[in-house]
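Presented sequentially are two complexes of chain A, the first with chain B as partner and the second with chain C.
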Partner chain A sequence: MGIALNTLLMIVVALSIPGVINRTRAILAGRKGLPFVQHIRNVRLLLRKGSVYSTTTTALFRIAPAVYLGAAIVAMLFMPVADLYPLISFEGDVICFAYTLALARVAIILAAMDTGSSFEGMGAAREALYGALIEPALMIGFATLAMFCGYTSFADIFAHEQSFNAQLTIVMFLIAYLFISIAFVESGRVPVDDPRTHLELTMIHEVMCLDYSGIDMGMIHIAGWLKTACFSMIAANAIAATCCFHWWFATPLAILLTGISIGVVESTQARNKLIRNTTFIVTISALAALIFFIGFLLQSDINI
Partner chain B sequence: MFYLSSLLVLALLVGTIFIVPVRHKVWTALAFVALAAIAVAVPAIGVLAGAPTVVLASNISSMLGVGSLSIDPLAAIFLLIIAVAGVATLLYSRGYIAPYLKKKSSAHISLHYTALAVLVLSMMLVVMANGGFLFLFAWELMTIASFLLILFDAERAEVLRAALAYLIMMHVGFIFLVAGFVGLESITANTTFSSLAACFGEGKNLGVFILFLLGFGMKAGLFPMHVWLPEAHPAAPSHVSAIMSGVMIKTGVYGVLRVVSQMSDPAQIHTAGVVILGAGVVTGLWGVILAAMQNDVKRLLAYSSIENVGVIFIGLGIATLANAAGNATIMNLALCGALLHTINHSLFKSLLFFGAGNIYSQMHTTLLDRFGGVAKHMPVTAILFLLATMAICALPPLNGFVGEFMIYLGMLGSVRDGINTLYAAGGLMALALIGGIVVLAFTKLYSTVFLGSPRHHHVAESEEVDNLRIAAMAIPALGIIVIGLFPQFALLVVERVASSLGGGVGLLQTSTIMATLWKVSLTAIILIIIIALLYTIKSRAQRSRTISEGPTWGCGFTSPNIRMQYTGESFSEGLQSIATSLTQNTVEGRAVGKSEIFPSSHNYNVRHKDKIDRLLAEWWVELLRIINKRMMNLRTGRINNYILFALLFLIAIVVLSLFNII
Partner chain C sequence: MIYHITDNMAEAIALKDIPEVDYAALYNDLKERLQDERYHVAHYFATPDGTRLKFYMILLDDHEHKMMLSSFAMDYYEDVALPSLTALHPALHPFEREITELYNVEFDSMPWNKPLRFPFNRRNRNSTMDNYPFYTIEGETLHEVNVGPIHAGIIEPGAFRFVCNGESVLHLEIALGYQHRGAEHEFSSTTNRLRQTLLAEGIAGDSAVSHATAYSSVVEKLAHKPASEALWIERTVALELERMAMHIADTGALSMDVAYQLGQVACEALRTMTINTTQAWCGNRFGKGLIRPCGTNKPLTTEKVAMIRTNVAEIRRRYNEVVEDIKSSPSLLARFEQCGIVPKAEMQRIGGVGMAARASGVKRDIRTSHPYAAYASQIQHESIVKRHGDVMARLTMRCSEVLQSADYIEQLLATYTPTDIARPDYEVPMAAESLAFSLIEGWRGEICHVATTNAQGEIATYKIKDPSLHNWLALAIAVRGEGISDFPICNKSFNLSYCGHDL
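Presenting the complex of A and B:
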């Protein structure tokens, strides 16, 4: 029961975040904005359409969206919603989570390169580089959680509610900030990439799926939502662990936290020049190392 | 004794390769290797299944001194790796060598196959020898055999150069090993590996460890001794690269394991652990960054081997540090991870080099930017290569993931339990970054070679290779899939080795790793089922839709051409802009300038050379040249001068012996 509810809530989070982003942007811009479920309608439309395939491509191009979505679904299955229990959980599942997402990344990079298009090659090369640079941040973030909570699986890290203390609160808020930053990079949002522009101008994520249409495109969109939901849920769990560790608190928190922060950043900031992106991403990794070190100092009770 | 004599007889009979007709040479060599493989695999499997150490021969006295051959669990696991890779390599070599049968003399072919068989046998000897002269003999035999193998295409100048560089560097490493053994003998009056325990007792003689690390590190390709790999592998035939990269460099890992496992003083183990971990991190990062920048298939694969050795050493380092801290569980976890990664790397790297051999034999080049769209012409090679690519990127559900998973678990466990937290965290960040850049390097390799449109007319003329080569490639491919899907059974094997090195306490008793791996296995199966399901649903839904085909979307540009595709060089351009200080770039020709609206034809060729290469090679060469020049002054050509030199020499000897110096 708990597991089913957990999975259901993850799906709700995944479906709601893009809606919240759109609402936030509309409110900040003083527009009426799209209906909340417009993105779901768009994808439903895509799922009903036929497809056009490039003659350059091989079978890999047709399998890749299934791998991309399948990996995203499995990654989602690791994720607990606060006190609920996820479907798959074992010691070290944080690593499995990271590498399942890497599988998704490889699938979409190879598919993009399969078309022989220079635009998609550009997107693929950037995705590969940014993905490589963000990886240490992800892992050291998990290491911080493992160090502080004493467990190496998501369910155990968050489920073993800690007694409230100041150290935990500081570290957990920093972790939440870190994972929201990672969500920005992984889902290709401003300031790393701007998904709102016409496809060719969106330099990383959307440009990689220029040749996808119909069901394939729908699957890629859904996988993107799921990935964002996972990172958002880690951040929400981290905050929930410090004050109110219940699913009815963590779920709206996950939706609003990422939704509003992405919406606000997209309304107020411009996209980085691409050359600045590497600096931006390496900074996140450096920040992650710093958070680990802060956690290390706090935990070892050093009198400063 | 029976085994030993049969091995000896085998070794002597290898010479018969020279007598048989040229078409049958490969089968003769294969027969020898297969026999040897079976002969060692049977006791090795027995040892891994729990039988006590098999002593094949003890105290063999010969002109090589006294030595023994035995199979303990550590030797057994390496024997299995050698046996499997040896057979696969010989099977593969038939198709690869076939076009050369007419071009090269019969003796040349014989020499190649003899060297191949001797390489496999000598590697077996290396892991069975208990140290001292016998070990050094086998080690040197291995070097010479591999030197002859690299030299196969000796007509090409760069092959000759690479082979000589290899020979020289291996002998520098050999000197370190000899120095290590001499040091060992002067301390304990014995040269077996087990006498290292007395040598290292109470934390003394760390220098001996450093000597061994340098000697073995040269073979393994530890930074900065890795420079021979990217030279030797592109020069050697592909199946030779496969066995050298997949197996031979692992004898370095084997040696380090042998030496480190003899230490007993915690402080000393800690120091060794820090050294190994540091070496692993630097090697791994250096290897992977350089790999991502290479524009040659085999050079890229060679750098990736360096990176994988780095990963193995990171695992060993974490295990050694945990051992120093007295945490047996984490030590065993990381050690099992490192051993598993050793096995895994031998599988996917052989497969990758075989794949590179396939495309080389069809297109006669290994330059990345000459390929493109090969998947359409060589579909089976493409699928197998993709499998190995995904495995080397450590993606679930394949074997590469499982090994790295266990190393990660060891590091996360260290961080969690608060032992060596900062070292483990450093290793963790490095491994994560390595993992990320491997994805970049191998998506670059795979997509430039197999995907997209052909960049060269050779591609259109290529076709799939013969079935025997595919069969040879299926051996490692099978291993990749089986270990990936059912890691729990691979764990049983490596755990036996790890517990034999760690002094008894087994991982299976002290941790829940078995249950974890069952769940990893389950997750892998769930992943595959979900993907298959999604694909089926998609294909079914598409049956009732209009599916059309057209050219790739050019974003409104109406005449895109093949040359506009992203090349390997442009794929890694972002990384180069960050890591430019690691390489020395040589540029031939000129790139298209920004202001050229209608560019004329340009020739642009860029190579990213390792800076360490220069450090190790050019400086020494320069030094030698200067010394040589000075020495040339002595060569006057006058007979009276030469008589004077001889007289001075005699006087010097008299004087020195008067003072008891010589």
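Presenting the complex of A and C:
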């Protein structure tokens, strides 16, 4: 029962975040904006369409969206919603989670290279670079969690760390901030990438999917939502662990936290110059290292 | 005397009054003269004249506010190479390339005789866009990126070939001509002046008012019927409204390209308000139908004057807020500053004109150097000049010009009492065997129209120059060494016309 509810809530989070982003942007721009469920309608439309394939592509190109979506679904199944239990959980699943998502990335990069288009090659190069740069942040973030509570499974990490103390609160809030930042990078949002741009030369994620259409494109969209939902849920769990560790608190928190922060940033800020993205992402890794040391010091009983 | 000296308000000149000199004399004079920043060539073209090929050159002297006309001729089939002026002064490249393309006239030591626009009446029909050899650079680490000619979005076709080293652009080559419609030829193939006016409005849709004004002015000069003061004031208001609308639109477009949503939506709304003002005046948002030779169908009324003043004041106030927002937003400054730089010397060398040139510190502004319309009477125009030549300079250029234009409109209309203005006259007789030209500072830069008439007083040759003709090269230079992902904002900061170049 709990497991089914957990999975269901993850899907709800994944479907809601893009809607919240769009609503936030519309309100801040003073526009009426899209209906909340417009992105779901768009994808439903895509899923009912067939795909068109370029003659230069091989089977690799056709498999990639399935691998991408499959990996995202598996990653999503690792993720607990506060006090509920995920479908898959074992000791060390944080590592498995990270590399399942890496598999998704490799699949889509290879598919982009497979098209032979100079645009997509550029996009693949950028995605590979940023993927490599964000990985330390992700791993150090997990290491901090593991060090703090002594478990290496998402379900155990959050379930066993609910003592109400100042050390925990500080570290958990920092962890939440870290994973929201990672969500910006991983889901290709401003200031790193701009999902709405029409300029192929500036795109990162979108340019890799230029050759996809119909059902393949729909799968890529869904996988993107699931990825964002996973990172958002880690951040929400971290905050929930400090105050109110229940699924009915963590779920709306995950939706609003990411949805509103992405919406606000996208409305008020310009995106980075591409070469500054590397600095931006490395800074996130540096922040992760800092959080790790703060956690380490606090755990060694330094009084505050 | 190798020049006939005149100015921008003068009437048509009889062809026999333009000195016909030896090319060598003209070449030697220009060789020296063009080194001085005060001179630049507004137009230089060839046209068949019986069995001869006649060349006209219009040289501008920005200090003395004078135009200097000269001409030379050669036999139509004469097979001699003229020494190239482009080799000394690259600013002349579009003119020499056009002459070579159309009439097969060779220019000796011309550095790169690339076809200009592949027109339908070019001499060498084997040279087509499909077999055009792009400039290439060989290298292990280099890759080429081709963009176009089909644009993924809504704008016009043009082929861009980048040679990149990783993310950074080593070289950009721009190949245009896809929009060629034979506009110049159309002017001389009809004697219907209304049709010619409509053609002028269609040269570049975003500069409809400027091009129509240039055409109307040419007709009025040939007819020796100067437009009345009131008509000039109304045209000036229309020109400044067009400038405001396009500059605001480009501010929004630049915001969009860096994903700055608030700037984008605010400017889109203001641009709509500006073009709707034009629409409320003349029935067309781009000012089509407003400018007609020798008169107007849409004279201003007291109510329209009040409406324009109210709207312009409101647009000015709101736009100023957007500009303050942009200038105080670090994430935007980080994108625009030090990006796409064209240094002053380079802009001078390639003969950049208009807004883009002024952003690099080259003071090229027909409104100050060769005043016409209300700039010659009521407005003491002070050109805005920036120094840095980057995207930010071109953006702040726009910001300042919008405010300046709004002030001019207010200044002109505050004291303007609508009077009776003549209806357009499409039948007015024009002087035979004459040449007339007009230079108008459109929002992009100097627009030059030149017409010569035949013995019947009808247009024999019509030559059009849109500022884009010069400034496309500035874009290619701006992106050198930049990241390829910054190309879109460099491109948008110039916002050049494809059809204005291709004609």
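In this text, the second predicted complex is superposed on the first by the 298 of 304 C-alpha atoms of A that agree within 3 Å, B and C clash if a C-alpha of one lies under 4 Å from a C-alpha of the other, contacts with A are read in each partner's own complex, and residues count from 1 in each chain.
As a working rule, contacts are C-beta pairs under 8 Å (C-beta built on N, C-alpha and C of every residue); 3 or more make two chains touch, one makes a residue touch a chain.
Model, not experiment: these values are computed from the prediction.
Trainee: After aligning the two structures on chain A, examine chain B and chain C and state clash or fit.
Mentor: clash
Trainee: In the superposed arrangement, which partner chain does A:90 touch: chain B (first), chain C (second), both, or neither?
Mentor: first
Trainee: Check whether A:267 is in contact with chain B, with chain C, with both or with neither, and answer first, second, both or neither.
Mentor: second
Trainee: Going by the contact rule set out at the top, does A:135 touch chain B (first), chain C (second), both, or neither?
Mentor: So A:135 only meets chain B here.
Trainee: Scan A:119 for contacts with chain B and chain C and give back first, second, both or neither.
Mentor: A:119: touches chain B and chain C.
Trainee: Of the two partners chain B and chain C, which one touches more residues belonging to chain A?
Mentor: Looking at chain A, the partner in contact with more of its residues is B.
Trainee: Based on the superposed arrangement, let me know which partner A:156 touches: chain B (first), chain C (second), both, or neither?
Mentor: Neither chain B nor chain C is touched by A:156.
Trainee: Any idea which of 56-64, 596-604 or 632-640 of chain B is the one running into chain C?
Mentor: Among 56-64, 596-604 or 632-640, only one stretch of chain B overlaps chain C, namely 596-604.
Trainee: Mind sorting out which residues of chain A both chain B and chain C touch, each in its own complex?
Mentor: 118-119, 121-122, 125, 199-200, 275
Trainee: Spell out the residues on chain A that touch chain C in their complex, using ranges where they run on.
Mentor: 25, 28-31, 118-119, 121-122, 125, 190-191, 194, 196-202, 266-276
Trainee: Per the contact definition, I'd like the list of chain C residues that touch chain A in the complex.
Mentor: Of all residues in chain C, those touching chain A are 143-147, 152-153, 166-167, 255, 257-262, 265, 329, 331-332, 334-335, 339, 483-488.
Trainee: If you look only at chain B, which of its residues touch chain A in the complex?
Mentor: Those residues of chain B that touch chain A are 372-373, 375-376, 382, 386, 390, 393-396, 401, 404-405, 408-409, 411-413, 415-416, 418, 421-422, 424-425, 428-433, 435-437, 439-440, 443-444, 446-448, 451-453, 512-513, 515-516, 519-520, 522-523, 526-527, 530-535, 538, 541-542, 545-556, 560, 562, 564-566, 570-575, 577-578.
Trainee: Going by the contact rule set out above, which residues of chain A touch chain B in the complex?
Mentor: So the residues of chain A touching chain B come out as 47, 49-58, 60, 62-63, 65-67, 69-71, 73-74, 77, 88-92, 94-96, 98-100, 102-103, 105-106, 109-110, 113-122, 124-126, 128-129, 131-136, 138-140, 142-143, 146-147, 150-152, 199-200, 210-211, 214-216, 219, 275, 278, 285, 289, 292, 296, 299-300.
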